[in-house]
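Consider the two complexes below, in which subunit A is the common component and subunit B and subunit C are the respective partners.
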Partner chain A sequence: MQLAQVILNGLLLGGLYAAMAAGFSLVWGVLNIINIAQGSAVVLGSYVAYFAWRYAGLNPLLAVALAGPLLFGAGWVLQRFLIQRVIAAPVLITLVFTFGMDLILNNTMISLFTADYRKIEGVFPTVPLHFGALTLPVDRLLAAAAGIGVAFGLHFYLHRSRLGRAIVAVRMDRQTAELMGVRVEIIYATTFGLGLAMAGVAGCLLAAIFPTSPLNSAYYLHIAFVACVLGGLGSVLGAVAGGLLLGVVESLGALFVGAEYGTTVAAVVLLLMLFTRPQGLLGRAGYE
Partner chain B sequence: MTPGLVVSNLSAGYGDVSVLTDVSMSAEVGVITAVIGSNGAGKTTLLRSLSGLLKPRQGSIRIGDAELSGSKALDFVNAGIAHVPEGRRLFAGMTVEDNLLMGAFARVAPLAELRRDLDRIYAMFPKLAERRRQDAVSMSGGEQQMCAIGRGLMSRPRVLMIDELSLGLSPVAVDFLVESLKTISSDGVGIVVVEQDVAVALDLARHVVVMDRGRVSKAGSSSDIAQDRAIRVAYLGVD
Partner chain C sequence: MQRRTVLMGIAAALVAPAIVRAQGSDELRIGAPLPLTGPLAPEGQKQKRGYDLWVKEVESAGGFEIGGRRVPVRIIYSDYQSATPRAVQACDQLVTQQRVHALFSPFGSGAAKASSSIAERYRVPMIAPTASSREVYDQGFKYLFGTFTPNETLTEPLADMIMAAAPAIKRVAIFSRNDLLPLALSAEMKKSAVKRGLQVVFDEKFAIGSLDFASALTQMRSADPEWVFVGGYVNDLVQVRTQMRDLGLKPQVLTMIAGPAYEEFTQALHRAAENISSAAWWHPAVRYEGVDIFGKTENFVQKFLATYSALPDYIEASAAAAGAILQLAARKSGSLEGPALRDALASLDAMTFYGPISFGPTGQIEKLVPPVFQIQEGRPIVLAPTSIAQGDFRLGIT
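Here is the complex of A and B:
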């Protein structure tokens, strides 16, 4: 029974990881950019939720509607007018670029908000739900459900909408997409915007549960990276699967090996995965 | 004789390499024009210039009253040119129907209208209707070519350009595609086909443009070209 509870905890955590990884994976897949600033963008989303709660009493889960569009716009402009200039450069160049973005964003947040941990409190009932012997904290349940829900929303957007299909088409074959009349630079901007919007959403959900500080950003980036590689690069559903798997692996690792080794066990699983199934859970061999 | 696409004195190339020199040709609406020529003659380069993927160095590309030389690919699509690329280049991992819908990307049309166009394409290529939910690249070469042509038609082009219609396809599939293209052209679409198989090209087209090392070496009605001794020797292997 304890095992079931630990797996459940892992899944609840994994739902948040899924949201963190989905946008990161999309940007990597479509633009071939490894966005080092994803973790800081998540923290930025957390601050949006924190201040919206602090000054307007907004529920952090609803702050998604604020942080999502805000970070989408920022991402769109950033890609369209800045990153677009180096988009054709080797991946190392864009990597250095987003690394620089991360430094600027993270240090700006530290100087504006300090590195103190800030916590949203008193929004959700503190008494957890009980299902038999299983305990379900309300805030975690809602946040995880929202995380998975938004990731699925992104997936359906990509496959059911006109613009979404164009994003997938550009990923598959940029030049042929151009032949269809797709303006690739607009698709890139939209995709980068969606990537940051997902980070913002994840940040709001995290802020509902965990304290917010710019110091979290490296850990969030690590999560997004591992979940994305576990699940299969560039696939949103893969990121969801990878996020859930990572959450469960971390929880089980903490149970069987020790609380301080959760992340280490996750790293070992990642290595095993890279040896046995390098395309990830849902990725396809030979993509990218 | 409605002129669809008129190309005059077009020159194009890649970097320092110049490929097309002074190419002039036209493709009338409702007529099939074949472009033939040996490997490396510049046929693909010509089509890439005519769909805006490659900026020409010189010359003019007109459709109706619009001058397109120097414009973006989107402007070419909007002006009514569709390009079915060499190797078909369907979007992998996307269904047949999503591939077809991508063809209509530049049109901002109501869904009902797109549905009608899809149904027309499914009526023309019933195989695609059966496989509409299937990954497009999991189909046979012939079916993929149907999908690529259907995708091109979804933009409602005035001129449809197809690079390497028959390459790698079975004779049955080629016959079927040839008949389909004749129907499409009789519906008033201009068609430009780049075709390796000169016998197929002569059967299909009313006009033939022969390219050689980046230039148009001959152009005329397919019956004239079929009579041409040099062509017969070079491409059909007969005297």
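Here is the complex of A and C:
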């Protein structure tokens, strides 16, 4: 029963990780950009949720509707007018570029909001749900469900909508897509916008459970990176699978190896995965 | 090239204390690196409030008395953003660039230990108002002085009190932040528990910066402890307590150090803070008649209340005491020179509003008796020592 509870805890955590990793994975897959600023974007989303709750009493799960479009807009403009200038450069250049973005964003948040932790309180019932011997905290359940829901939403958007299919087409073959009349720079901007929007959404969901501080950003980036590589690059469903797997591995690691070694165990699993299946759980070989 | 670098380093190390000694004494400069932002910000802000109150008190008395003169006091703050390596850098800069006469250490045992070598190197006295672990003071340093007694002075009276209130308790769980003070406290708690024939059924650490404790707490719940001890700082403890409630973990006794003494703790947890037991080095209910600038404990509490509209806790009191102690030492030495001030501190034996001050051979305070308390109706109520007890121990948590 203890094992079942630990796996359940891991899945609940994994739902949040999935939302964090989905946007990161999309941007990496389509633009070939490793967005180091993703963790800070998640924190920014958390702040949107926090201030919306603090000053307007908005439920952090509803703040998704605010943080998502806001960060989408920011991402679109950033990509269209700044990142686009270096998009064709070697991957190291874009890496350094997003690293710089991260420094600016993170330090701006530290100077605006300070590094103190802020917590949304009193929104969700504090009495957990019980299923037999299993305990389910309401806030975690809702946030994890929302995280997975939004990631699936993104997946269906990419495969069902006209713009989404254009994004997938650019990811598969940029030049052919361009020849077919797809405006690649708009697709890039939209994709980067979607990536940041997902970060914003994940931030709102995290703010419902955990305290918010700019100091969390490095940890969030680490989660997004590991979940994305575990699940398979460029695949939104892969990111969901990677996020869930990471959550469960961390929880089991904490149970069997010790609470402080959860992330270490996850890192070992990541290494094993890179040795044995470098394309990740749901990625295609040669696509990484 | 390498040899030249080494030689330059040695030369700098030899010259530096001389530079420091050459400083003027038209004002007293104290360096205070603090975690004013970041996870330890609540603790850092408290230390600052204690220092500021002391400075205000010195100013209203006309300045800091030294060798028959009164000079103004300036505390030079440096925010190290809760990152210990930056605290060490800050100490170095405060001594070499700002030429401070004394240092108040950064927050907690870990950062105090790391930065104490700077004080030792430049022969600048450092008063650590928030470091209790023996590991900080066993380095053989001569310039480090601490105002907290060793950790077992907290865990022993706690264990006595809990065993008296609930003699049927047999199973203890210990959960600790992987950081110097919380680990040292947990180790002492374990010793105190084992000594009383209790069985430690869970003993785990969590990484600094952890947000999610669900797996460890699930494991703890399976071990079915009657008494849970958690060591950490206020942000950790609030998260652990919230997640215990989320998982329906309800031991008969819940003890947490160090956090329940702060108002933020009860404000963040509301009802969930009820009946959490703890111990600290000082409490506003203690009564001492000091010869320091604040005099009686009641006087200090009143002044603090008037300035900040809140009751002081042990960090705020200890920080203010650091200033008061420095003043007593300077009065004795008549000089702001590092070695003279250091000798005066080492031989100090005086009563203050904070309690009796005399430092042992390692520089750690002796004689002070830390009170045990429990959160009842949203307030910390002193349970021991009996001379200042305000209530009785209550079992169960909400």
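Following the convention adopted for this analysis, the second predicted complex is superposed on the first by the 287 of 288 C-alpha atoms of A that agree within 3 Å, B and C clash if a C-alpha of one lies under 4 Å from a C-alpha of the other, contacts with A are read in each partner's own complex, and residues count from 1 in each chain.
The rule we apply is simple: contacts are C-beta pairs under 8 Å (C-beta built on N, C-alpha and C of every residue); 3 or more make two chains touch, one makes a residue touch a chain.
Treat the numbers as computed from the prediction; the structure is a model and nothing was measured.
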Fit-or-clash call for subunit B and subunit C when the two complexes are aligned on subunit A: fit
Partner chain(s) touched by A:I110 [first = subunit B, second = subunit C, both, neither]: second
Subunit B versus subunit C as contact partner of A:L13, first or second or both or neither: second
Partner chain in contact with A:S251 - subunit B first, subunit C second, else both or neither: second
Degrees between the directions from subunit A toward subunit B and toward subunit C, using C-alpha centres, nearest 10: 160
Subunit B versus subunit C as contact partner of A:L215, first or second or both or neither: second
Touching partner for A:P128 - first (subunit B), second (subunit C), both, neither: second
Most subunit A residues touched (candidates subunit B, subunit C): C
Subunit B and subunit C, minimum CA distance [Å, superposed model]: 37
Touching residues on subunit A, where the partner in the complex is subunit B: 159, 162, 165-166, 168-169, 172-173, 175-183, 284
Sites on subunit A touched by subunit C in the complex: 1-2, 5-6, 9-10, 12-13, 110, 114-117, 119, 121, 126, 128, 130, 135, 137, 139-140, 210-211, 213, 215-216, 219, 250-252, 254-255, 258-260, 262-263
Parts of subunit C lying in touch with subunit A, wherever the complex brings them together: 37-39, 41-42, 81-82, 175, 178, 204-207, 209-216, 218-219, 221-222, 235, 238-239, 243, 245-248, 268, 272
Complex interface listing, subunit B residues touching subunit A: 51-53, 72-74, 77-78, 83, 85, 89, 91-94, 98, 101-103, 105-106, 151, 155
